[in-house]
């Protein structure tokens, strides 16, 4: 069954890469992260699966689409300022030359990329050979650190929730979670600074 | 211009919104014994506003979460989280030590309840921040260009089935 | 019951696999979106099925036999996904239609 | 009024979902339900009074079994066509049902989408339905208007 | 096996078959609109059957309530999504394939 899920995942990944239309790619990525969520659930990592399903498949799809909408608009707008046209032309010429050059190198660099991917993949696969089995009680993390076992045995009494993920997130690692919340807030702040400011400036310039 | 989402989509989307919101809060409230928590709940809650904006156009969606409200709630969530930490510090516990809320010398059961409320409190903080942040992200990214704003406005007028009720801002920060 | 659940899960997964070529090949953008939507709806069922499978595995390992309530956790995710899938589909279509309206041509040629 | 109905509906949903009856969960549930009702009660019940709503829900419940049966038939039909037993002959038709408001239109459109060989493609501003039918019989089935009559019954006279 | 389990097995098998048929239809049908028929209807019913089959042995309770809720949502949201898909295709100008117009060749490129 895991094999089937993995097969679907690989198929979706290929589809997402090969599709030219960005919108289709976004949609396929949504399905991809959904299959990923299924895989997490299959491995009993419910909270991760939930996050993947709601964030990866839901909000990030919508956000990417919204971003696409912006990009699409930018591309279609003809450059209004005539002064800009001259540097743009030279830019275009330069770009064209760069494209010609890159086309020659394209094939070589593609093979280079393949080589790097295969090499890194092989190394990673080699690395997994040393990894302990999932849930192995004798793995180094469990044997030496004993953190996991502490959580497993004590969290019910010390913290309370039946879901240990919540105990760890909210209690043992409360600082981290606070930091994460701040990070999300910061992301929103960045978008506010970049986009809302730009809109405001455009409006002011037009009014002036 | 044709109304972009059809009548049926708008009808169903609008009816689905309260259920999505309640479900998001359910996810938040039951994060202790099932999957979920503030983050997932917040995302789903934000998704309900996104759905509203998709169905009724940017302007209508924006009206249900005014800019100022989202801007205030995002940091308020962070502050709620940190504030719980500081309050526990003031009472005499460690930073974010929730059982301190039960007061010194409380019995085991009281400490447990205090702990539970503390956890829900911080999860609520996470959720507020995540919801508001996602709403900000979406609405800023999907903001229609100047030339399209009028068009969106037209959709909003045509779709004006929503009677004026109490506005959302009073109730959202509860 | 366990074997049957496994069999159905595999059956639905095969269904997903069959749908994959539509996402890969198209031929049109709409076909891809349809395939994605179909995979999404199938996954809702898969989530529920996997939940029951995991619970049954737990029973094999000695958990109480009537403890199907744990399957509710997986159902939570499935429920969330049924809502999210709808929103995502609507979002894709909304932006697609907006793009089409902007181009404002009778028949937009969609490149696969 | 709308607020109260929404509140009751959502509270029932919460109790069903939650399954916990301790103080913490109930308190939180109460707050959540109230909050959502405050924000969104105008979405759930945009129009109509309580009596039309309850009547509609009741008639919708009565309508559902018939619809379910139709859905089963729809699937048999589609399956036969998938495996090539019956051929397909798709076409697009238009028709204009006499319905009162959005509720009826939505119910009819979704019913059409779910039943044999027809999908609602579009509703034009004047209420004309554009329907894609998989076969001639399916198209004629819609034009015969049996479903429209049923949905009008669900809508109720008001 | 109890009666409930037998019924549930039958429901599960039926649902699986219906979903599989839907998937086959998505691949075999000639154009987008016909595929939509296969996908929209088969998935809705298949999901309903499978979920019902799962709910039966679990008995009345939290699990079956949640399953009922999922089924309800699916039966409302799925046709709406199907309709939205159809309308999307209609708005961007995808022409439906018709037997007499396109002849033998399915209108694969008729985008």
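So that you can tell them apart, the chains are marked A, B, C, D and E in the order they are listed, and the count of residues begins at 1 in each.
The definition used in the following text is that contacts are C-beta pairs under 8 Å (C-beta built on N, C-alpha and C of every residue); 3 or more make two chains touch, one makes a residue touch a chain.
Source: prediction; values computed, not measured.
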- Item | Shortest walk length in steps over touching chains, subunit C through to subunit D | 2
- Quick one: how many steps at least from subunit A to subunit B, stepping chain to touching chain? 1
- Query: Just by CA atoms, which chain is the most central one?
  - Reply: C
- Query: Which chain has its C-alpha centroid at the greatest distance from the C-alpha centroid of subunit A?
  - Reply: D
- D-E versus B-C: which has more C-beta pairs touching? D-E
- Note on the structure: subunit A to subunit D, mean C-alpha position gap in Å, rounds to 37
- Task: Express in whole angstrom the distance between the two chain centres, defined as the mean CA positions of subunit B and subunit D.
- Result: 28
- Item | Whole-Å separation of chain centres (CA-atom averages), subunit C against subunit E | 11
- Item | Whole-Å gap separating subunit A and subunit E, where each centre is the average of the chain's CA atoms | 30
- Residues within subunit D bordering two or more other chains: 13, 17, 19, 109-110, 120, 122
- Item | Junction residues of subunit B, two or more chains touched | 2, 5-6, 8-9, 12, 16, 19, 23, 27, 30, 34-36, 40, 44, 47, 50, 54, 116
- Note on the structure: subunit A touches at least 2 other chains through residues 46, 49-50, 54, 58, 62, 66, 69
- Query: What chain pairs are in touch here?
  - Reply: A-B, A-C, B-C, B-D, B-E, C-E, D-E
- Task: Could you pull out which subunit D residues touch subunit E in their complex?
- Result: 13, 16-17, 19, 71-72, 74-75, 78-79, 81-83, 88-92, 109-110, 113-114, 117, 119-122, 130, 132, 134
- Query: Okay, in this complex, where on subunit B does subunit E touch?
  - Reply: 2, 5-6, 8-9, 12, 16, 19
- Item | subunit C-touching residues of subunit B, taken from the complex the two chains share | 1-2, 4-5, 9, 13, 16, 19-20, 23, 27, 30, 34-36, 40, 44, 47, 50-51, 54-55
- Query: Once bound in the complex, which stretches of subunit C touch subunit A?
  - Reply: 6, 9-10, 13-14, 16-17, 20, 23-24, 26, 29, 32-33, 35-36, 39-40, 43, 46-47, 50-51, 54, 73-74, 76-77, 80-81, 84-85, 87-88, 91-92, 95-96, 98-99, 102, 110-112
- Note on the structure: In the complex, subunit E touches subunit C at residues 5, 8-9, 12-13, 15-17, 19-20, 22-24, 26-27, 32, 35-36, 39, 43-44, 46-47, 50-51, 53-54, 57-59, 61-63, 66-67, 69-70, 73-74, 77-78, 80-81, 84-85, 87-89, 91-95, 108-109, 111
